[in-house]
Amino acid sequence: MPVMGEPDAFGKFGDFGGRFVPESLIFACQELEDGFRKAWADRAFHDEFEEILSSFGGRPTPITYCARLSLKLGVNIYLKREDLAHTGSHKINNVIGQALLAKRMGKHNLIAETGAGQHGVASATAAALMGMKCKVYMGAVDIGRQALNVFRMRLLGAEVISVESGAKTLKDAVNDAMRAWVSEVETTHYCLGSVMGPHPYPWMVREFQSIIGKEASLQWEKLVGKSSPDYVVACVGGGSNAAGTFAGFAEATSTLIGVEAAGGAALSFGIKGVVHGMASSILQDEYGQINEAHSISAGLDYPGVGPEHAYLAQINRAKYVSANDSEVLMAFKILSQLEGIIPALESAHGIAWVINAAKTGEIEPGSNVLVTLSGRGDKDVAQVSELLGGFSGAGPGLEEVDF
Amino acid sequence: MPVMGEPDAFGKFGDFGGRFVPESLIFACQELEDGFRKAWADRAFHDEFEEILSSFGGRPTPITYCARLSLKLGVNIYLKREDLAHTGSHKINNVIGQALLAKRMGKHNLIAETGAGQHGVASATAAALMGMKCKVYMGAVDIGRQALNVFRMRLLGAEVISVESGAKTLKDAVNDAMRAWVSEVETTHYCLGSVMGPHPYPWMVREFQSIIGKEASLQWEKLVGKSSPDYVVACVGGGSNAAGTFAGFAEATSTLIGVEAAGGAALSFGIKGVVHGMASSILQDEYGQINEAHSISAGLDYPGVGPEHAYLAQINRAKYVSANDSEVLMAFKILSQLEGIIPALESAHGIAWVINAAKTGEIEPGSNVLVTLSGRGDKDVAQVSELLGGFSGAGPGLEEVDF
Amino acid sequence: MNFIDLETHLKSIRKSGRPILVPYITGGITNDWMHLVEELAHLGADAIEIGIPFSDPMIDGPVIQEASNLALQRGATTESILLELAQLNLEIPLVAMTYYNLVLRADPTRFANWCHEGGVSGTIIPDLPPEEMRPLETALDKESIVNVLLIAPSTTDERLKFIAGKSKGFLYTIGVMGTTGERTDLAESATILAKRAKQVTDLPVLVGIGISNEIQAQEVTKVADGVVIGSAFMRRILEDQSGKSALKFFSSLRSAL
Amino acid sequence: MNFIDLETHLKSIRKSGRPILVPYITGGITNDWMHLVEELAHLGADAIEIGIPFSDPMIDGPVIQEASNLALQRGATTESILLELAQLNLEIPLVAMTYYNLVLRADPTRFANWCHEGGVSGTIIPDLPPEEMRPLETALDKESIVNVLLIAPSTTDERLKFIAGKSKGFLYTIGVMGTTGERTDLAESATILAKRAKQVTDLPVLVGIGISNEIQAQEVTKVADGVVIGSAFMRRILEDQSGKSALKFFSSLRSAL
């Protein structure tokens, strides 16, 4: 049985996953599962999915060897370049898959949740492309912080709905999107943004994202010639870019590393629980109330994690670590200045771990490391500039990086 | 003789081009010409250039068919997706070529001019990748307007130098970069951002950018099956994306259309003159003083145009038209909402012309039109949002586009 | 506290021909929420649903969300609410409603224990589907507490039978595709679903979610055995923390049924 | 105006053993700039270079840029400056310096005509390379005006010969790789280049760009036949529009040479 195969009949990966939703959503989840199963067994669906990702989405994304960083660290670092995908991150893979599926199932409206706005922008993009209506739920606090992405969504024709419940951030946006879905379920597909939520989402989103890992493993063979990288590294918010990447290497000998934000490390500090329709590792207090996650990168500010990651951790197939904000800022600068690639703050978590692990010797010198660069950092430049002391003048922290 | 061949011994395309620089720069231009000639005749140089553009730059960029827009307009619209290239526009093609050449010639410093910041970011990126120092000259006024790109450049390790001369915008940045080049010419390569300046720049930059047109013409054959598009359209600032695109179709039957900004239409309203080292069509007053260009898109705010375009216009091989700011804003919205692609304001000029020409029947129904989408519009979203009335609320102008 | 069997109790009311009326109150919503519970019993509630507040109440609309947040801010926890209930001595059954994470965090056995201490006869866990309820059921069984399951308008016939067969105490009928909250018109879906439920089960069929006033309650109880009144009641508590207007509303409902 | 042949005039000064001193002044820089030109002649200038301001003066540093902008703001045009010069009656030659776009815009023939009207003996167009000067040369020839060419430290030997062979009036030696402007030290490159030039031409060799003071002028004229003084003179006009301090500076230069 493959390590990253289908979940069981209850939608479980080991003890995790499932379909913990109100009865009003059970039918919709079943219908979606059926729809996905049929589509995914249909060559024509795969063809259309892959065709759009290629002609519209910019796939395949290349693998880039980081010559200067590798030299400094003594390990060979390769990046899988999801930052070059249309809209600037891997999120487009998933939304194209779901939008196609929704259309096939006769649903012409999409709803989506978003935190930093990347998944919202991707969803709005897929909706525009396919002529669907799109509503994006976004916490009122995040709307204030991510004005540009809000405008991008509106420009793409989506309606952005301000979520005023709870802490008014991502977790609450998921709640509100699910609530909205309950009442519009006949005409509307809920386009969830990561490998989370009730079955079949964690499985389905992983399958749509597995194009990252499949591409990468073929490219790896051509490029490096060895059968597989020693390490395969990806950042973990909900866990979709990591799951999609790991899917290409789960059967290989590579060590799989998921890097969470220290302030949202559901796998390091979470406890098994149920939220947003799934059983997984979740940041919560002693009473079972869900904690807010806090990190420099909005896309990793999620108190849960996809259930398959909880499973991969449990069976020791993947290892989950974390990087803190200052390590991430440093990695953000290092990649920019040594390689000419400004990474998303989310993606910089993966780089940060690699830098640390290479320096401490946790990664043996000469190892081959593949890091998924899940997105580009343009969206984060304003925030980082504030953190580093503003745009003008010589500002602290932009001296040439040396480490 | 090919239409878009080498310029003559004086660096002229017909009456245009040449090397109108102070004697202090003649040797540097000759040296560069020699260096480029040798490199461009060397298979190994091409291989390295193409390898970096592929593994780092994200090439080939796809051609995307615009199903919904085509349906509305009754002509078939295809986009060459330079917006998917690393750093977000075609500018990366040229800077990778020049940085490689500079290294080959033993020059480890780059200087560049920039207006909106796209070429500056691309130059800083190439410098970071290759471990070179980079100074970017940018008008003080533009620095104020394009704070994010300034920070991106600094993040990439480049020094941004504020140009206080003249009107403190692009044209003055070119002057200052050239002045700086004179005094650093032994160690420094001037990485010019478009098909302008003294020989060999217009030719060399066109050659580096011709990868757009070469790719596109091969892709076109596969995709559409006809020998060539009826129209090949690109926006024209200095003219590099247009020249690079046209290079792939100059020998074909396609009608070539360059679209300038109405407020910077050097080919429509300019007069033959000499500036920045070249003879070309230039916006100037009755006394020969150079006019400032004014358009919504900083990247087209240039009072001159590459000399080869002046030549192609003269021999009637290409036609040059213009689009005004309000047409461009509308095109920006239309492409976003119908196709899920937010174009750079520069690139939206091409779309704007196609929309108009299809509506007026200038483009016959059923025609095949290839438009080069030179860059992505994320950089422009803040500006457009202000023009459309801000981020919050329903703001005017973001109602679903209907035309 | 004397233990009351939920199903027996509700069936005996149904037998009497009177519609069953179950108010919902968020535990810990005010200082004297226990007093409100007692008042509801005096005013003729046939059972009372006690909500244990959760930070992420997926099926709840704005009113219950606000009530949950308030109660949490006031320091309410699963244990505190259930153990406070132990002080009551009512003639009607109590049903604890919460989300599964709180059960898991407490651990099902401890949770069942607290329920038992609080004199609770049944539980409603809307995000716990029947396929996953074994651990909770096992724990509840030991305390003779039942778990009430829910059906929704989208539930298929086959599944409706399956759920009805597994539910105990009563069958909670989600009257409308949506979250808890008041609706201007009674959803047609509520009556249709209640009818479908009545055809396959002898359990009392109670309609909840979306019942906002006397007229709707009267209408729906032509088919269903009773109603659960949540947001319409809680909104009045949020507006008037003394609970007077909420209790007045409940009285008029009771008279109407 | 009486026509003065540039080359003959400069060679006769060289023959006299005195270093040639040519000040540069931006035409139209002040209201009475013509007066300054006259004063310069009285104070012993051997020729005067008249700058015609251009919006994009590629080889000019900040001082001349500022002077150009000021003159343009004051309404100076190619025609107005050259025709104003017609009012003068000097014993020394005038050389017009500008950029090629102004020549093209006027049209070379009209430009040569205006130069003639203004009594100009020669032109310097730094962005017009010898390869491209035919149209201008043809027009100037008709008025017996010469075009002065430039060499730079980076000019190869072969090209130096080529340029020296085509230049008329004198050979303008760009003393330093850089723009017009003062330098603390005299660039070594100036002396080296002047030496190279002297070896291949009999034309007077004048060094410009970067000569800032008497000492530098003395130093360089050990090799070169003379100097052009631009920014050092113009900076003083910008600082003191009366021109007094600029003229004083020129006088002391003249005494030093």
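Order as written gives the chain letters A, B, C and D; numbering starts at 1 within each chain.
Keep this in mind: contacts are C-beta pairs under 8 Å (C-beta built on N, C-alpha and C of every residue); 3 or more make two chains touch, one makes a residue touch a chain.
Please read these numbers as outputs of a predicted model, since none were measured by experiment.
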Inset, instruction - From chain B, count the fewest steps through touching chains until chain C is reached. - result: 2
Inset, instruction - Round to the nearest whole Å and give the separation of the Cα centres of chain A and chain D. - result: 66
Inset, instruction - Could you please state the distance in Å, as a whole number, between where the Cα atoms of chain A are centred and where those of chain B are centred? - result: 34
Inset, instruction - Please report how many Å separate the Cα centroid of chain C from that of chain D, as a whole number. - result: 98
Inset, instruction - Give, as an integer number of Å, the spacing between the C-alpha centres of chain C and chain A. - result: 38
Inset, instruction - For chain A, jot down the residues that touch at least 2 other chains. - result: none
Legend entry - Contacts with 2+ other chains: residues of chain D: none
Inset, instruction - If every chain is a node and every touching pair an edge, decide which shape results: line, ring, star, complete or other. - result: line
Legend entry - Every chain pair in contact, whichever chains are involved: A-B, A-C, B-D
Inset, instruction - State the interface residues of chain D toward chain B in the complex, per the touch definition above. - result: 54-62, 65, 69, 72, 77-78, 99-102, 104-106, 126-129, 131-132, 149-156, 159, 163, 174, 176-179
Legend entry - Touching residues on chain B, where the partner in the complex is chain D: 10, 18-24, 26-28, 165-166, 171-172, 175, 178-179, 182-183, 185, 271-277, 282, 284, 286-290
Legend entry - chain B - residues contacting chain A, complex: 54-56, 58, 61-65, 68, 81, 84-86, 88, 124-129, 131, 147-148, 150-152, 154-157, 333, 336-342, 378, 381-382, 384-385, 391-392, 395, 398, 400-401
